[in-house]
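Here the chain labels run A, B and C in written order, and each chain numbers its own residues starting at 1.
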Amino acid sequence: MHTKSLTELAQGLRSGEFSSVELTQHFLKRIKQYHDLNTYITVTEEIALQNAIAADARLASGQGAALTGIPMAQKDIFCTLDIKTSCGSKMLDNFIAPYNATVVEKFNQAGAVLLGKLNMDEFAMGSSNETSYYGAVKNPWNINTVPGGSSGGSGAAVASRLASCATGTDTGGSIRQPAAHCGITGLKPTYGRVSRYGMIAYASSLDQGGPMARSAEDAAILLQTMAGFDPKDSTSVDLSVPDYSAGLNNSLAGLKIGLPKEFFSTDLNSDMAATLKTAINEYRKLGAEIKEVSMPNLKLAIPAYYVIAPAECSANLSRFDGVRFGYRCENPVDLTDLYTRSRGEGFGKEVKRRILMGTYALSTGYYDAYYVKAQKIRRLISDDFKNALTEVDVIMGPVTPTPAFGIGEKIADPIEMYLSDIYTIAINLAGLPALSIPAGFINDLPVGLQIIGNYFTEDRLLNIAHQYQQVTDWHQHTPKGFE
Amino acid sequence: MEWETVIGLEIHTQLATQSKIFSGASTAYGAEPNTQACAVDLGLPGVLPVLNEEAVRMAVIFGMAIEAHIAPYSVFARKNYFYPDLPKGYQISQMDHPIVGQGHLDIEVEGVTKRIGITRAHLEEDAGKSLHESFHGLTGIDLNRAGTPLLEIVSEPDMRSAKEAVAYMRKLHELVRYLGICDGNMQEGSFRCDANVSVRPKGQQAFGTRAEIKNINSFKFVEKAINHEIERQIELIENGGKVVQETRLYDSVKDETRSMRSKEEANDYRYFPDPDLLPVLIDKAFKAQIKANLPELPQAKKLRFKTDYQLDEESATILTTSRPLADYFEATLKASQSEPRLCANWITGDLSAALNKAGLEITDSLISDERLAGLLKRISDNTISGKIAKQVFEVLWQSPATADEIIAEQGLKQITDTGAIEAIIDKIIADNQGQVEQYRSGKDKVFAFFVGQVMKEMKGKANPAEVNKLLKNKLQG
Amino acid sequence: MSLTADDVTQIAHLARLGIDKQDIDSYTKDLSGILDLMTQMSELNTDNVDPMAHPMDQAQRLRTDSISEHNNRDKFMSIAPQAEAGLYLVPKVIE
C-alpha cells in the first residue's frame, strides 16, 4: 500500500480495496519498524486512527476529498491543536499548541489522516537536520548521510514511505534541498501562496510552506489543499487557486528553459553537471528550447540571505522568553536571569549563532552596512530573475552542490554548511516558486533538478515536472530496505 | 542666571476601536486579567498580525484635524526590547515612515495664542501591564491591554513653560475626544503623556540635555512634574552638575522625579520593517471618504457659531469645546426656533451649572435638548417671564414633564391681558397714594416699588414689559 | 571584519541570550567568519538601488474592526510555565 501514489490510494479507499484504518495502521507499523531513521518527533497514533475512522465514514457516505483517509505527516513547525509542536527545539519540547495552523486546518477539513509531526532542524535553521534537539535524521538512501534540511524529517519520511506525503517549509531551500537529497519531489510555492498562519516563523519575508511528495502529480494534489488566501496572514495573496492537476499533461513543446551560466560554472562538480545535462536533454526531447541566461548578482545571495534571515529571526525568536509558554530555566533569580538562561538553555548552537548574527546586523552603527545593504542586493537579485524570466519561461539548475553529505561532515563549520544552500537561497530572496525533482543518482545517492518559475506559475512548474516524470522513473526508485 | 525651559510632549492616545490593532480581541477596559488576550496578543508561536482599518482611519482623521501631511506610504517596524509586558519581545510601531507627518495645534495661554508644532503621529500597539503587588515577591503580567491601538503624537520642543505644556495637552485631549478617536479617560490610561524637559540659559540657541519624564497621567501632575524637573535641572547645573539624558519617573506622592534604572541600560531598539506586515498605502479615495465624513473641527465650528448665531467669543468657545455640547446647542436651537443668544445663555448658564453640580456630562443631561427647547419656546413667545422660566427649569431638571405641562399645572402662564393688569395697577395706586405723590414729585425710584407690588399681586405672572408700560401711563396720570 | 569576545558578550546581552563562558570564543570565531562572508556585499555598488524589504509588491490589507476572538484564557494559561489568578508570573520587575 505504501508504494501507491495519492491518486491510487484514493482509488483504493473508494473501491474498498483497503480502508483508511487499514492504510493508517500499515503506515503506523512502518513508522515503528523504521524508527531508527528518526523521522518523527511525535507519532500521533490515536489521533491518526480517529481521523481514519472518521474518514472511512465520510468515504462510506460517498463524501470526501482527494486526501480524505490518506495518512500524511506535518513538519513539526506547523502548530497542531492539543498536539506537541516542538519546531525541533528544546525551547518548545513542552509546547502543546493551543491552536491549529491554517495549513493544518485545511488538511483536517480535507479529511487527511495525521500520522504525526516530522523532525526538522531547530526552528528550521539548518541544511542537514543535524541541529534538531531530537537528533539527526538519517537519509534512507544511505543512513550515514544527512537527509538535508531543514525539512529533513519530511524528506526522509516520504522517501522511506513512512508517510504517503508530507508538508515542508522553505526559507532558503528547506523543501528543495531535502527533496533532492532524499529523491522526492518538493515544491516551494510563490511567497504568499500558502498561509503562514500557525507556521512558526524563522524569517518571515522568506518562509513559505509547500508540499513534499513522491511525484509532481502527488505534489499537485497536496498543494491544492495547502494553497489559498488566508485573512489571518497579511502576506497571503488574495488570488484564486488554479486546478493544479488539470494541466499536468500539457505539452512542453516550445517551452523556453534558461540555464544561468552562474549555476553551471566550473564550481559545479562534474558528476552533478553531467547528471543535470542528461536531465535537461530529456526536456529538449520533449520539445523545449534551451537558452543560457545570466544572473550576475546571484553570487551575493548567500551573504544577503545570511543578513536578512538572521535579522528577521532575531526578532521572531524574541517571543521565546520563558514567560507565557515553552521552556523556562530553573529558579531564575531576576528577570534578566529568566531571559538569558531560558533562552541560553532552550536554544541550540545554530539558532543562537543566527540570533547573534541578526542582532548584530540590526544594531546601531551596522544597520545600513548590513541590513540595508542586504536589502538592496535582494532587489538586484530579484531583478536578475525578473529579467531572465522575460526571456525564458523557467530557469533550471542544480538544487545542491553535491549529493547528500555525511552526518557530522559539515556541522562543525557553519560557513561550509551555509554554502550548501547556494543554489536555493536566491529564489527565496526573490519570492519565486521553485521545485526539486529527482533526476538521477551519483554513488547511489539521489540528485535533484531545480526548476524555477515566474510568480504564481506553480501549475506550470508541476506540469513541467510531471512531463519529465512521464519519461523517466527516477522518482519511482525506492531506497533499499524500504521497498 | 535666567533660564529658559524647553518642553516637548509625546502623547499616547488609545484609539477607540472595538478590537485591537492587529487582532480581533476586544479593547474594552476592566476585564478579568488575560481574558482579552488572544493568541496574537500573547505572541504565540506562528501567529501573525492583520491591521485594523479603523485604527488607520482614526489616525488619518487626526492628521486632517491638525492639518498634517497624511503619508501615502507608511511602514510598520519592529522595536526590539525585552520586557515581560511586551509579549513578542518587540513592539510593532512606526519609525521611518509614520502615517501622520508634520502638523500643528494652536493653544491659548493667558489670552495669547501660540502655535505648537506636531512633528509626527504614528500608530503602534500598546503593551500589557505589570502588577507589582502580592504574588509572593513575583510580578504578575496581564496582557489584556497588549495590542490596543495607540496613536503616539510627538510635539516639537515648542513649549516654554509647564503652563504651556498643560494647555497643549488639554487642547489635544479636547481634540481627540471631539474627533471621537479616543475616550480620553486618563484614569484608565487612554491618554498618557511623556514629557521631554530641558533648560538652557536665556538667549542660548542650542538645547540643553533633556530628561524624559514617563507616564504622567493627569493635567495636575504634568504641571507639577515638569515644574519639579525644571527646578531639579536648574539646581543641578547651578551647583556645577550636569543633566544626564535619562528616563525619569514622576512620583506623585513625594512630588519628585526619580531615575528609572530599568529603562537605562543599552537601549538599542534595532528597528527594522516588520516583515509580517506590508506597507500601508493611503490613496486619494480613502482620504476623500474620510474627509467627507470628517466632523466640523472646533475652530471652524466656533467661527461659524460667532458669525451665523452672533454669539460672543466666550459662549462660542464654551459651546464648541465638545461635540456633544455643540450638537446639544444646535438641536435645542432648531427645535425651539429661539434667539441663538438666549439659547446659548441657558446652556452655558443654568444648564451647565446644573450639570456641574450633579457631576454629569451633557450626554447624560437630565433635560433633553427637546425639553429645553420647550422651555425656550415659552420664553420667546412671552408665555412666561425669564424669572418664571428659572422656576420651570428647576422642575424640568427634577421631573420628566415638559415645560408646557409644568406651566399649565402650576398656573405659571404670564398674564398679558392689559385689562387684568390695569385693574391690579388701579388698586395699588389707590392703596398707596403717598408713594404716588412721591413719584409725581420726581422720586423716580419709587417706580420700582410699584412694579414690585404689581408683580407680587400677580404672583410674578404679569408680563414685565406690559406692567412697566401701563404703570408709567397711570402714574403720570 | 572580526569581532572580539566582548562584542559577542554585548550582542548576547542585547539578545538576552545566555552563552557559556567556554563557548564565547567559538561564537566569536564563527561570527567573525560569517561577517567576512558578508563583506563580499560591499564589493557591489548599490547607491541607486531601492532596498527590498519584502518579496510582495502589495499594500497592507486592512481588517474590519470587529471582535472575533473571545476569552480562551484557561487554554492559553495551561501551557504557561508559571501562572496564578489569571496572571503570568515573572521574577519581580524593578522600575
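The working rule: a contact is a pair of C-beta atoms (placed from the backbone, for glycine too) under 8 Å apart; a residue touches a chain by one contact, two chains touch by 3 or more.
Predicted, not measured: the structure shown is a model, and the values here were computed from it.
Trainee: What is the shape of the graph in which nodes denote protein chains and edges denote touching chain pairs (line, ring, star, complete, other)?
Mentor: Topology of touching chains reads as complete, every chain touching all others.
Trainee: Kindly indicate the chain pair that has more C-beta pairs in contact than all others.
Mentor: A-C
Trainee: State which chain is most central when centres are taken as means of Cα atoms.
Mentor: C
Trainee: Taking the mean of the CA coordinates per chain, how far is chain B from chain C in Å?
Mentor: 41
Trainee: So the centre of each chain is just the mean of its C-alpha atoms; given that, what is the distance between chain A and chain C in Å?
Mentor: That gives a centre separation of 23 Å.
Trainee: If you average the CA atoms of chain A and of chain B, how far apart do the two points sit, in angstrom?
Mentor: 57
Trainee: Going by the contact rule already set, what residues in chain C reach two or more other chains?
Mentor: As it turns out, chain C has residues touching two or more other chains at 13-14, 16, 53-54, 56, 58, 60-61, 63, 72, 76, 82, 88, 90-93.
Trainee: Find every residue in chain B that makes contact with two or more other chains and list them.
Mentor: 39, 42, 44, 50-51, 82, 84, 141, 268, 270, 275, 277-278
Trainee: Send over the residues of chain A in touch with two or more other chains.
Mentor: In chain A, 95, 98, 205, 231, 234-235, 314, 318, 321, 323-326, 335, 339, 359, 363 touch at least two other chains.
Trainee: Hey, which residues of chain A end up touching chain B in the complex?
Mentor: Result: residues 78-79, 85, 87, 92, 95, 97-99, 101, 196-201, 203-205, 231-235, 311-312, 314-315, 318-321, 323-326, 335, 339, 359, 362-364, 367, 371 of chain A touch chain B.
Trainee: Once bound in the complex, which stretches of chain B touch chain C?
Mentor: Of all residues in chain B, those touching chain C are 17-19, 23-26, 32-40, 42, 44, 50-56, 75-76, 82-84, 130-132, 135, 137-143, 249, 260-263, 266, 268, 270, 273, 275, 277-281.
Trainee: Which chain B residues qualify as touching chain A in the complex?
Mentor: Where chain B meets chain A, its residues are 39, 42-51, 78, 80, 82, 84, 87-90, 141, 268, 270-272, 275-278.
Trainee: Considering the complex alone, what residue numbers of chain A touch chain C?
Mentor: 94-96, 98, 191-192, 205-206, 231, 234-235, 237-238, 297, 299-300, 302-304, 306-307, 314, 318, 321-328, 332-341, 343-345, 347, 349, 352-353, 355-357, 359-361, 363, 369-370, 372-380, 382, 414-415, 418, 429-431
Trainee: How about chain C: which of its residues touch chain A in the complex?
Mentor: 3, 7-8, 11-20, 23, 27, 30-31, 33-35, 37-42, 44, 46, 49-56, 58, 60-61, 63, 72, 75-76, 78-82, 88, 90-93
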